[in-house]
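Next come two complexes built around chain A: one with chain B, the other with chain C.
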Partner chain A sequence: MKKIKAINLAMPVSAIILGVIASMLLIALTGVSPLSVLETLLKDGFGLSGKVAPLFMTLGTSTPLMLTGLAAMLGFKVGVFSIAQEGQYVMGAIIAAWLGASLNLPSPIAVPMIMILSMAVAALYGLIPALLKVKLGVNEIISSIMMNNIAAYVLEYLVAFPMRADAGQKAQSAVINRDYWLYQFVYGSRWGISFVIAVVLLIVAYFVIFKTGKGYKVRMVGQNINFASYGGIRSDKVIITTLTTGAAIAGLAGCMEVLGNYHRIMTGFSSGLGFDGLSVAMLGMSHPAGVFIVSILLAGIRQGAQLGLQISLSVPRELGAVLIALVILFVAVSDVYRPALERLLSRKERKNRRKEG
Partner chain B sequence: MKRLALIVLLVLSFIAFPLFAGGSSESTDAEDDLVTVAVVIPSPLGDRSFCDSANEGVIRANAELPVKVDLIETQGVHEHETAMRGAINRGYDLIMGVGLDTQMMIDLANEYPDQAFASPSELSETNLPPNLKSLLINVNKSSFLAGLIAGVMTETGKVGCVAGGDAPGINQFYYGFKQGVLEANPDAEVYVNYLGFDFSNPTLGMESAVALYNEGCDIIYAVCGLSGEGVLQAAAETGNFAIGVDTVQDEFYPGSIITSVIKRVDNSTYQIIEDYVNGDFEGGFETLDLEDGATGISWDVGYTTFEDNGPDFMVAKVPDAKALVEEYKEKILAGEYEVYDALTMPLWDSLR
Partner chain C sequence: MNAITFENISKYYPSTEVQASDNVSFSIRKGEIHAICGENGAGKSTLMNILFGLERMDSGRILINEEEVTLRNASDALAHGIGMVHQHFKLVPSFTVAESILLGTEEKPFISKKSEVEAVRELSEKYSLPIDPSALIDTLPVGMLQRVEILKMLIRNVEILILDEPTAVLTPNEVGPFLDTLRNLKERGKTIIFISHKLQEVLDASDRITVMRKGKFIGTKESKETNIYELADMMVGRKVLLSVDKKPSVPGETILSVENINVTSSSGLKILDNVSFSVRRGEIYGIAGVSGNGQEALIKAIAGEVQVRSGVIRISGKEVQNLSVEQKRKAGMAYVPEDRVHVGLNVEASLLDNSLLGYEDEKCFKKGMFLDEKKLRERAEKMISDYQIYGSSVDGLVSKLSGGNMQKVVLAREFEHVPDLLIVEQPVRGLDVGSIEFVHKAIIEERDKGTAVLLVSVELDEILSLSDRVGVMYSGSLAGELSGDEINETNIALLMVGKKGGVE
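Then we have the complex of A and B:
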């Protein structure tokens, strides 16, 4: 048991370290010292200096990643490689932007209402590929890619025509009611109440998945659907419930991005945050704690790599993106070096045991 | 175990190598007392249009002025505010946002009243905080001149415009152009194809252009950033013609691109930086136009690419077009002729 835990921790950490090292070598080829790269990454991603500390901004940008990561993780747990989070995220955002601009209620009623309705609509949107998968055997990857495209184009249409704010230079909806803006701990950091909600949801997810009967069913279906069905679990129902729950969470991510961050939707809103959730879930080894850590790491590296590196060291932003891609690549090819890592860990353990003995 | 040590050693030597070899990162010490400027652009470089033009201004400022200007590329709206705030955190003297959201710029300026902000283009709002400067380049008149040319030169009597999106900033190009076409050729038909704000998709630009060419258009005005490359390419491949935008694009497909409507974002970027260095920085809204040299058509700055490479039957019409352009330019500058401005006017019936 202990060995499994150690390897789960070692995998993402080694992937990130290898990714960073590999891209530092790449950057070194452009003549920039890798040590200053590392320093900049840490300072601009996780530092505490400046008018608004980069760390707080990282925590802010990590919030939607945690939620979409959690949504993707639920899919993985039940054995479905669902990539529909992007579309659900967008649907949640659309509802939030629409209600946020049109509702006229006091905020203690309106804000929870907007969140719940956003989640409900996103859940319904997620129900479609889930039903297609379970009832008709449609490949979930294909159907969810299409669903994502539909959502993205619906948003583009809405901001260009019906929800278009008049004065804007760009296609964007009206700014939502100021009373509904979510509280930020440090103004301008985007780190606020939505972060707390995301963390609470991760903790709840941990207990539900690992400590309850329902969670046991989910994991069982995910590991071997035939065995689960043989054991009397209604696997269809489990898959559908899990996927729609994930969809609701992804929708909540979109909703809180609108309420707490952009305060409106605009053209280009669907920019891949949903897909980033997949990377987060994979890197986080499909565990809530992993999702939490990886979200922050990824958000920080992204901020440090794509903005910090080009600002301080004039490293092109593309190299920053390569860094993130390399990290994910090292997770994807983990099977190649996983055995070596396992051997390393077990050797250490044996040594430890020998010492104790 | 030995092998592991070897690998570690190899990696370490790789890391250490540039430390001894380069040392280039240490050269910043001498530049500490320079004025520092950050320029945030809305998409990555390489559009040979809007963003690259802003970069030209940055390069020129770095070369000619005692400043250190950093260019910050972003991709997608979700990075714009993060990039701006990142720049604020670094303590630049002046922070410029090129074509970013107007409301965000104003909010940031209000939030940091001691920080100087500026926009060299696209920010159309007259009521600005004192620490935010906007230089807006009006392109309706130069687009009008391009429209005159298209009106004179079209063979089919049908002219098209592939526009990035249905917004006042883009319509300023389109309606000025349309007015010009109709002024030169009242029987002409002008078609428009909006791309839904996709400014970085040449494939989409190409499809839209081909659709317009199939409709019978023979000249298309491309107003859509990087997507416009597809329009220009479609012109060359189908044997039709196009008019470029932002930078001089005449030479991309010589003989297929009649002219380009230049929008000197490089100059406005440079000018703001220069003003700041000279201590003349002042918040507020200002427009630049034909008479300031901030915009115009490529013919006016000496480009004869089309005349040298275009097919004879089209080139034969160039002198007529040139004469007409000169005539109207004088009228416009003398205030005798008014060109519609989508940014400030309600839509004219004659242009509907």
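Then we have the complex of A and C:
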């Protein structure tokens, strides 16, 4: 058990270290000191000084990542490489923006209602590729890409025409009812109640997946569907429920971004948050704790690159994206160096044992 | 004169930490049939792969015709006159026999079909291995495919032929002619090395036998001077009971009844044709037959979710032919499938997870809404000690276990159900002597507890030593049913080839 855990931890950590080293080399090539870049990244990504502490802003931006990461993770767990979170996220946001601007109910009723309806619509949207996959064997990646495109264009249409707030301005919807805005712990940080909801969902996911019979079914279907079916697990049902649950969570992420952060939808609303969920789930080794840590890490790097590098060092903020991309690359090629890492770990273990003995 | 001499061959696999070959030294005489025996993982295949240039040894020397050679790859080996037939054939389905045999030997840029066919015909006549050179690989039975593989080596003028578990893929009827082929090749001066763990055929066919255990050379015996018990002891390192001790069965009421079931394939072909039989409490009903005669569909109809076109299947009186696997299990069925690596187990998961399948919704393993981990853990620990599962802890991955220990995990889990009906399919395929003994004993114990056991096997020995009654499948129907003194090799063999008149 210990050995398995050690390798699972060593993999993402070594990928991050290698990614950082590689990007520092890149930076050195441009003539800027890598150390000052690293320092700025840490200060502006995770620091506690300033009017609104960067760490709080990072926690705020990490919130939707945690949720889309969790959604992607559920797909991985049941053995389906679903990339449909992007579209589900957009669907959730659309419902939240529409209801948020048109409902006229007291907020204790309206806010939960908006959340539940956003999740329900996203779940239905996620049900389509899930059913296609299970009943007709349609490749989930292809159907997900289609579903994502449909959602993106529906959003573009809605904000350009029916939901457009005013004719002259940028294509965006009306601001939602102020009473429905989600509470932020530090004003202007985006860090608020939605973060708590995301963390609670991650904890719940951990217990459901690893400690209940339902979670057992999900894991067994994901690891070996023949085994699961042989033992009497209805694998079709398990895949469909898991994927739609993930879809609902991705929808909730979109909903809470509207209620807690943007307060409206506009063209280009998503900026690939759904896809980021895949990176988060992968780097987080498909584990809720991993998803939690990696979400904050990625959000911090992005934040630090945007605030610090661009403004104080005039290094393009895309460097943050390069760093993240390199880390993902090192995870993707990890099969190459995994055996070496395993050998290193087992050698250490043997040495320890010898010491003990 | 020695054709091959192994001197202190060692090979270590760091990734799995296995010493596959440990200072092995012995020699093979020119023109003999030399069998290499050992349990799974004894290092037989590794040694042969080294000889054929597929693996590099860490240290040691190989001498061919008393001269040291370096074998870096298969072409090196072929150049020294060594050929190998692998357990899993490497043939192209859409090729003809002639094309398959000649592939890679073409010297001219253009080939003529006629001369190819002619060359193969000549070869097959020379070695008296009749085959149709223009037949498609796709259409040939396994025994013929093996013949193609052997001819493929012979046309390359090999003098030493290595066969890796050649009989594992053959049906019982094909084994006899195959052993004749080996003797025939020996008469023509070839040296034959073959790997097997079926002791009887090794004794029948070989001149000398080398036994390996855990990567070590144990000894070489003249086949005429040894016997099955001595070989088994050498292989396992302790005394083994080869025949299973079994009390006469005391059958009770009928548990499984199969009545006139018919199954057709999606293309409309009849796979099962009016099959009827029943299994009673406390007896082992063996389904014998050459594989591919409908056993698979029969098991799927009983234990899986294959729709029967007509007919009724009952477990303890309950109609189950249209029920889900989950409901069938609830009705008292347990099932040990043929493919333990892909179906019977989730090898990527821990032993604990593997022991839980089928119980994940049981109330007694729950604490509130959660699984009762402590209880499950204790239960898995108990399985490990009761079934003597070696090689992993409760949290260890099942993939680290040997074949025999994997099968014990499956048995432990399925027997825990306290089933009324137990279905076991090829329970000892690929297992070593020690594990076979264990599995067979466990199945008989289960019978004695009052379970109805349905055993499906293509191994005649297994059927003969375990079954209280036998049904023989032939081309989708039950060719006959035997019980008591009628159960013997001749009767079963006759029914297996469809000769109904064999039993009166």
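Rule of thumb we're sticking to: the second predicted complex is superposed on the first by the 353 of 357 C-alpha atoms of A that agree within 3 Å, B and C clash if a C-alpha of one lies under 4 Å from a C-alpha of the other, contacts with A are read in each partner's own complex, and residues count from 1 in each chain.
As a convention for this text, a residue touches a chain if its C-beta (ideal position, glycine included) is under 8 Å from a C-beta of that chain, and two chains touch if they have at least 3 such contacts.
Because the structure is a prediction, the values reported are computed rather than measured.
Once chain A is used to superpose the two complexes, chain B occupies space next to chain C without a clash. Of the two partner chains, neither chain B nor chain C is touched by A:284. More residues of chain A are in touch with B than with the other of chain B and chain C. In the superposed pair of complexes, A:230 makes contact with chain C only, with no contact to chain B. Residue contacts after overlaying the shared chain place A:75 against neither chain B nor chain C. Touch criterion met: A:343 reaches chain C, while chain B stays clear of it. Once chain A of one complex is fitted onto chain A of the other, the partner contacts of A:156 are limited to chain B, with no touch recorded for chain C.
Judged by the touch definition given at the top, the superposed model places A:50 against chain B, while chain C stays out of reach. In the superposition on chain A, A:217 makes contact with chain C only, while chain B stays out of contact range.
With the two structures overlaid on their shared chain A, chain B and chain C come no closer than 17 Å at the level of C-alpha atoms. Shared contact residues on chain A (touching chain B in one structure, chain C in the other): none found. Interface of chain A with chain B (complex): residues 21, 24-25, 28, 31-36, 44, 49-52, 54, 57, 61, 156, 160, 168-172, 175, 187-188, 262, 266-269, 271-273, 303, 306-308, 310-314, 316-318.
The touching residues of chain A, when paired with chain C in their complex, are 1, 4, 207, 211-213, 216-217, 219-220, 223-224, 226-234, 339, 342-343. Listed in rising order, the residues of chain C touching chain A in the complex are 14-15, 304, 324-329, 335, 337, 342-350, 353, 356-358, 360-361, 366, 369-371, 373, 393, 395-397. Of all residues in chain B, only 11, 14-15, 17-19, 22-25, 38, 44, 70-79, 82-83, 85-91, 101-103, 111-112, 122-124, 165-169, 196-197 touch chain A in the complex they form.
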